[in-house]
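Chain naming follows the written order as A, B, C and D, and within any one chain the residues start at number 1.
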Amino acid sequence: MPKNRVESFADGIFAFAATLLILNIAVDQRQALGPQLLHSWPSFAAYAISFITIGIIGANHHQVMHQLEHVDRFFLMVTVLFLMFIAFIPFPTRLLALDIKGPDAEAAALAYGITLFGTALFFNALWWYAAAGRRLLRADADQRAVDGISRSYVLGPISYGVATLVALRSPVASAGLYAAIALFYLLDSTVFGRRT
Amino acid sequence: MPKNRVESFADGIFAFAATLLILNIAVDQRQALGPQLLHSWPSFAAYAISFITIGIIGANHHQVMHQLEHVDRFFLMVTVLFLMFIAFIPFPTRLLALDIKGPDAEAAALAYGITLFGTALFFNALWWYAAAGRRLLRADADQRAVDGISRSYVLGPISYGVATLVALRSPVASAGLYAAIALFYLLDSTVFGRRT
Amino acid sequence: MPKNRVESFADGIFAFAATLLILNIAVDQRQALGPQLLHSWPSFAAYAISFITIGIIGANHHQVMHQLEHVDRFFLMVTVLFLMFIAFIPFPTRLLALDIKGPDAEAAALAYGITLFGTALFFNALWWYAAAGRRLLRADADQRAVDGISRSYVLGPISYGVATLVALRSPVASAGLYAAIALFYLLDSTVFGRRT
Amino acid sequence: MPKNRVESFADGIFAFAATLLILNIAVDQRQALGPQLLHSWPSFAAYAISFITIGIIGANHHQVMHQLEHVDRFFLMVTVLFLMFIAFIPFPTRLLALDIKGPDAEAAALAYGITLFGTALFFNALWWYAAAGRRLLRADADQRAVDGISRSYVLGPISYGVATLVALRSPVASAGLYAAIALFYLLDSTVFGRRT
């Protein structure tokens, strides 16, 4: 099975899930706009964190697909489950934006963390399935690059898992960790990560 | 007519219809979040069932297009009608999620079943039109693979037809069948279906 | 300028505008579902008419692009204006669905007609700009096919113009004409149009 | 890293952000439709301005990508930040449409201007990063064309910056400037810009 249509389906989901995030931002027409906009910074922050997170996962997914020779049905189905989590992200993003300053902060931070943890888990699943025994890899895929990807991806579920657990003690700290993870990946691939 | 733009239009519809499903999930800001999320499991289940269903139909559509040499206007128009049903799926998914536990369960389960039955019917129509007398097939399309596809696709309208009729007696059982069909196809192409 | 990215931008708009149509269909949770669904047939009809219309315009746009060698900035800008009308279609579709049975039927039918008339006008503009003096055509584009396209496209603004004027006398007749136009194109490219 | 998937992700964002603009247009079912439509001209104008603006930025982004040989991680990450601003445009467009005639006009015009200023800034950032020392350019990219792009892009942040500052004195004048900028680019690439 050729891999180009998996890519175009995945690109559609990445782009669309990222664009739908904007629907989470709304204002109340009956109140003055200026103060509302200043007051809405958690919505803007949540928008930015989730957009950057989806963008980075998309870029990494490009990297994965680039290493593959072909895909099989099993890989395709794990991809569907992985994209199901990606497309889910706008919902907990909305919860985080609206509730991080209120009494529902813990539930919102948990919902966000569990979603991102699941996303990272399925992303690892599709990579490990493809890379194990070089099952779906291109003949010319450099084994050191493959091992480097494997090592760096495994950090995803761990860091989101930790940040999710932190939500049980401090939802705000947990939200800070979600932002920090996105920022780390952004800087890692830019300032530090130019080596690629 | 080249087939690549049919594919990109179809991939767009698959990806957007699947991503739009998330708009069906909403919470009431005036009530506590945690209990609402636990209480909303039918929404999450309906999201997962429809997302997986659309993903599998998308993967099967890839398989169909892969067998074709070219497309003609008739095939294109049947594809438009088929995609019209795909893009409709978010609506009955919302009905199923909201009403399965209430007095409207029967109408919701019927709406879902009729939509999926129509989807399966038009999917079969485009395949049979393409495959009859090998009308649009590639010269090198293996006839045994073609016959295998024909046999397995015909199960779609039958199983959704049965599940829809079940809704007249028990909407909950019917919803369980919708989930079972999605799960069967998922497992069939993964655990059992590795043979491909 | 290569034409492939114009195609992918246009395909995105076609697919997305068609998929967004489903958001026009909604029910009131406080009323019984079954009767509402039966009563909502104008919404379903409007969904089908607009989806098929967008699908056919998309297929015709494929046909246009297929005849082109390359595109220039002017063509690109007319395409943007054309797509601006395509992406607008979900709004008058909603008006038509909700108001065709009430006192706002005339305004709704006019809004729908003007939108489709504008769409057809800009679609003709981009085709005529490309075809005049074979400005952007491929060297091997058959002049008879080009003339055939020119003749058939010019019917678009005329038929939508007439249907829009009919709305001033009878909005329901006008809505029937919008359906008839979509149906005609669908049948023309299938039952009659197999000659292509 | 190949550049084709960056393009398809970007095309997705451009197309969806432009199509989502239509969700900003709504009418109140409890009031007469005709007068509302006539009264809603700021919504239609805002829709057109933002759609054309996104379309032009998309066309220019095509132009940029056309000059590149390849992309690196840093370019990819600046692209994600740039697209984050693109996908944000529907929100201030809605504010502008709803509030330009009311007491919140200044806040709305500022929000629109800041968003477009940020968009233009990040668009320049990705172009300058790619062009500096011909870092990512194709070997055959004409240096004069490259310099021409550099000169014309730098006008983006300046004109949006000025228009944003004007909002502090006259939001309506500022909205007029946003429309004028879109119109200028549209005419520049068509009537004047045929030289390309």
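Quick notes
The rule is short, and it goes like this: contacts are C-beta pairs under 8 Å (C-beta built on N, C-alpha and C of every residue); 3 or more make two chains touch, one makes a residue touch a chain.
The structure presented is a predicted model; accordingly, all values stated were derived computationally and were not measured.
Rounded to the nearest 5, the angle that brings the Cα atoms of chain C onto chain D is 90°. Comparing the contact residues of chain A and chain B by number shows a mostly separate set, under half of all numbers used being common to the two copies.
Taking the mean of the C-alpha atoms as each chain's centre, chain A and chain B sit 26 Å apart. Chain D has its Cα centroid 36 Å from the Cα centroid of chain B.
Touching of two or more other chains is recorded for residues 8, 11-12, 16, 20, 23 of chain C.
Contacts from chain D toward chain A in the complex involve residues 1-2, 5-6, 8-9, 11-13, 16-17, 20, 23, 72-74, 76-78, 80-81, 83-84, 87-88, 90-91, 95, 98-99, 103-104, 106-108, 111. Residues of chain C that touch chain B in their complex: 7-8, 11-12, 14-16, 18-23, 25, 27, 29, 32-34, 37, 47-48, 51-52, 55-56, 58-59, 62-63, 65-66, 186, 189-190, 193-194, 196.
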